[in-house]
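So, here come the structures, one by one.
Two complexes are shown next, each including subunit A; its partner changes from subunit B in the first to subunit C in the second.
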Partner chain A sequence: MSGYLSGVLAVLCINLIFAYGIFVPMAAGQINLGGAGFQAIGAYTTAWLSSVAGLQLWLTVPAAMLAAALIGCLISFLVLRTRGVYMVLATFAFGEVVAGFLLRSDFFGGAIGMVVPVHVALPLLVCCAAAVLLLTFYLMATRLGLAMRSINDDEAAAIVMGINVRAVQVTAFTVGGAFAGLSGALYAHSFNFVEAQYFNSFLSIYVLLFVLIGGAQTAWGPLVGTVFFTLLPEVLRISGSWRFVGFGVAIVLMMMLRPQGVITRAMVQRLSPRRWAPQCAGAGTWHGG
Partner chain B sequence: MAASPALALHGVNKHFGGLSVIENVSFEVPAGARMALIGPNGAGKTTLFNLISGVFRVDAGSILLDGAAVENMPTRLRVRAGVSRSFQNIRLMPHLSVVENVMLGQHTLTKGLGPLLSPLAWQRNSRWRRLAEESLRSAGIDIDPDADVATLSYGVRKKIEVVRALMSRPRLLMLDEPAAGLNPRETAELAIFLKSMAWEGLTLLVVEHDMSFVHDLCERTIVLNFGRLIYQGPTGGVQNDEQVRAAYLGSRRVATKGAHTAA
Partner chain C sequence: MTAGSVPAKFRTALQTPAVAAAIVVALLFAATALGGMTREVVSGVMLGSIYMMVAVAFTLTIGVLNFLNFTIPSLFMLTGMVAWGLTANGYVKFAGSWAWLAALAAGVAAAVAASLLVERFTFRYLRMKHGDAIEHAIPLVSSLGFLLIFEHLVLIALGSESERFAIPFKADVHVASVVVGVPQIISCALAVGVVAALSFVLKNTKTGRALRTIAESPDTAALLGVEVDKIVPLVFILTGLLAGIAGALFTVNYGNVSPFMGDNVGTKAIAAMVVGGIGSVWGAIAGGLVVGLAETLSIYLFGGDSVQMVVWGLLLALIVVRPQGLFATVAIGKGKM
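Then we have the complex of A and B:
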């Protein structure tokens, strides 16, 4: 495999894990515009443990996930006091605070950044991305996933169904934090260097776009959104600097044509093979299936 | 000792800012009874439902379920204690299928992390899904359980909401205008269905404007006007009560006489 292709694939895997870190809380009705902050926590935890403490990959990556999950859990209690656009602003502010802190902290290398000695190979990245993908699909199939989706649809009605809305949302935010932290740790080990400037608000906006444009109704959405938006700039590379215009136009068009995202629940339902089997066999009889 | 009533309210008060919406309301619903709650628009019927289900907290007074005080309990624990309700406007989850909406109603039947983390959507033969599908069928809803709720008629969605409310195996079911928007045949079927549930021990508290439905279903009625209880007694006596007539027809002289109860 060429260096270029494996580089694109590595970015795709990292973006995918990152996108699921944003998708999981969004499935429970929480928009996180501070994604870069969580990714930075994962990246810097790994960077410090790897370069300063000299720990191995199998320790640094889980520790980074744990750190981002813990901070996600703590932050969620504050963020969940806010609603709608205020939640977006609160998470955005969190991302900025993390980036600002890292930039000014000598402990984490400040503006110079940190070198990460251990390199992670592409197969491991692919395995991690696949695991996160499967885990998210599993989560969305559980009763917890059902509760998350119901909160997203109608929080007041979900409460009357007896759902502990706060607990479900904190769980979703914590899982999202862990995934974003994992993506940060893998980023650090892939590029072997971290700097605070990378984890800026554009990154938070991009990853949110992956999920929104792919569709937040099912776990297929972030997959499609991430693949599309990671590969599109590469395809548009042939058009030189016009690729940014093409990228922007693509975003505007998709927002106009499919405001609910490319992949919707109804679409997945229609394409599901499980749905076709009993319907064809039992056509005309209600109790035939 | 006589059994505790399924629901008892003692001196319940609620105000929003300077507006008093529920004033000193007390009544009891015996276990297995079918009670109607009626009153003009703005009388406080839905607010009372919200107080009983825990959406709002009472300012004063107590709410007892089977003799146990619940007024300080969060909503989800009241559901576990046996209260279930429907909404005036259909509140089915728009992005959940029919069967997923019904299975959502089973949430409080689960205990611990095991059932919360088992992949419900992948288990086409799980007891949860079978239970949901059987309940839909027994309520006469013969549709594809995987259908999108948005594609269904108003009457069917209304019925699904009742089935969902029954999924938590409540002892007290509160329905907010269940017959609104149903045709006469559907209304009659709903009354038969709810009576059969009450015979199995379910206590019903129903807000409804369709008086023929109320007469058909509920043996007792309470009437609210401006947040005060103006009548409680047999449904048959409602129309002859002077206070109730005044409340609906608008005679100010009689309506302000005071909270007289005809129980």
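Then we have the complex of A and C:
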């Protein structure tokens, strides 16, 4: 496999995990525009543990996930006090605070960044991405996933049905934080260098758009959105700024023609095998995945 | 701001600007009294007046249309870059020594045109398709798309370098032992003037009443005979004008343009809007000054790279503790958010 191809695939795997980190809270009705902050927490935890403390891969990556999940859990209590535009702004502010802190902190190398000694090869990245993918599909098929979706569709109805909305949303945000942290850790280990400037607000915007364009109704959406927007520019050999112009045009067109995203719940239902059908008898809207 | 009995209306109208002004004045006095910070205070007010205009642009679209318009930073940038592109290529030579002003006017026009383009592909299209655009989060996502398009098209056309935009005159005056450029004073006054005019229009004219009615409830507004289809483009024109004029003032004051000049100002303006209370014009004015002062003072006190953390940390705390903002009592369209 050429170096170019494996580089593209590595980016794809990292973006996929990151996108699912945004998707899980979104499935429970929370928009996270501070994704870069969580990814940065994962990346810097790993970078510090790996370069300063000299720990091995099997310790640094789980530690990064844990750190991002912990902060996600704590921050979710704050963020859940807000809704709508305020939630978008609160998470955005969180991302900016993390980036600002890392830029200023000498402990984490400040503006110079940090070198990460241990390198992760592509097979492990692919395994991680596959694991996150399967875990998300499984999560969305469990009772918790159903509760998340019910909150997203109608929060008042979910409360009436006895769902502990707060607990479900905190869980979703924490899981999302862990995924974003994992993507950050893998980013650090596969590029062997982290700098605070990389984790800016545009990164948060891009990953949110991957999920929204792919479709946030089912777990297929982020997969399609991320693969499409990561691979298409490579396939078309577009480089530099035209790539972003094309991305922007695609977003505007998508919002005009198919605002619910490429993959919708109805589409998955129509395409999936018959064995899903009996489970949604009566309700007509339930489906697996 | 709109409904309620006469005394309540009077109270809100008086209270919000009064409280805002009091806090800003207190901040100014505290900073000057501490000594040695006069220069920071003056430059904070200058910066604040830019943030103020952009924050009013944000608050207007969000208050009337419930739409967080992420294209505003790119409209801001478009003005400066178009003006620079025109002067650098000699397209405005006909204006002689006023070429810089002609270029800036063309830049503002470009910002308004771009804003109307956004309206065409978000609100007008959605109204045509669904009969209603205000309930969706779609325009927000579209505006992120337009942000990417505008920024990177400018980058392709004019390059990614930070360029010098020269104005042919230079005049300084001394204010309290600090040297202040005349353009800065003029632009500060202009910023306040534009926002005051907007505030007057919103409060006292038929169009202003129509805007506030749409903010309360688009359906009721339509029932009462407000021509929503004609008012919505007006919001986008105002947005383009505010962001464009702010961009022009920034270009004149700081003499530098780049395709990324809007990003920092835009995000700070969002912070300013939240500080003042989303949907409140007077709140955005006070918020702009507070954020401008907080920025220059935190640079002075804690060093240049602390700004991001200080401003956004305070903002995060504010959103969580007091989402209605520091000053706002009743914000435009608050019931919808």
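In this text, the second predicted complex is superposed on the first by the 266 of 289 C-alpha atoms of A that agree within 3 Å, B and C clash if a C-alpha of one lies under 4 Å from a C-alpha of the other, contacts with A are read in each partner's own complex, and residues count from 1 in each chain.
Following the convention adopted for this analysis, contacts are C-beta pairs under 8 Å (C-beta built on N, C-alpha and C of every residue); 3 or more make two chains touch, one makes a residue touch a chain.
Values in this document were obtained by computation on a predicted structure and should not be read as measured data.
Q: Looking at A:G145 after the superposition, I want to know if it touches subunit B, subunit C, both of them or none. Which is it: first, second, both, neither?
A: In the superposed model, A:G145 contacts subunit B only, not subunit C.
Q: Once the structures are superposed on A, label A:A90 by its partner contacts, choosing first (subunit B), second (subunit C), both or neither.
A: second
Q: Using the touch definition from the top, say if A:A111 reaches subunit B (first), subunit C (second), both or neither.
A: Touch status of A:A111: second partner only.
Q: With the two complexes superposed on chain A, say which partner A:F247 touches: subunit B (first), subunit C (second), both, or neither.
A: Only subunit C is touched by A:F247; subunit B is not.
Q: Is A:A156 touching anything from subunit B or subunit C once the two structures are fitted on A? First, second, both or neither.
A: The first partner, subunit B, only.
Q: Which partner chains sit in contact with A:I238 here, subunit B, subunit C, both or neither? Use first/second/both/neither.
A: Neither partner.
Q: Is A:F101 in contact with subunit B, with subunit C, with both, or with neither (first, second, both, neither)?
A: second
Q: Any idea whether subunit B or subunit C touches more of subunit A?
A: In the superposed model, C touches more residues of subunit A.
Q: What residues on subunit A does subunit C touch that subunit B touches too?
A: Touching subunit B and subunit C on subunit A: no residues.
Q: Give the list of subunit A residues in touch with subunit C in this complex.
A: Touching subunit C from subunit A are residues 78-79, 81-82, 84-86, 88-90, 92-94, 96-97, 99-101, 103-104, 110-111, 201, 205, 209, 212, 240-242, 244-245, 247-252, 255-256, 259.
Q: In their shared complex, at which residues does subunit B touch subunit A?
A: By the definition above, subunit B touches subunit A via 53, 55, 75-76, 79-80, 85, 87, 91, 93-97, 100, 103-105, 107-108, 110, 115-122, 124, 128, 137, 142, 144, 146, 148, 164, 168.
Q: Hey, which residues of subunit C end up touching subunit A in the complex?
A: Residues 62, 66, 68, 121-122, 125-126, 129, 136, 138-142, 144-149, 151-153, 155-156, 263, 267, 270-271, 274, 278, 303, 305-313, 315-316, 319-320, 323, 337.
Q: Can you list the residues on subunit A that touch subunit B in the complex?
A: Going by the criterion above, the answer is residues 138, 140-147, 149-150, 152-154, 156-164, 217, 265-266, 269, 274-275, 279, 286-287.
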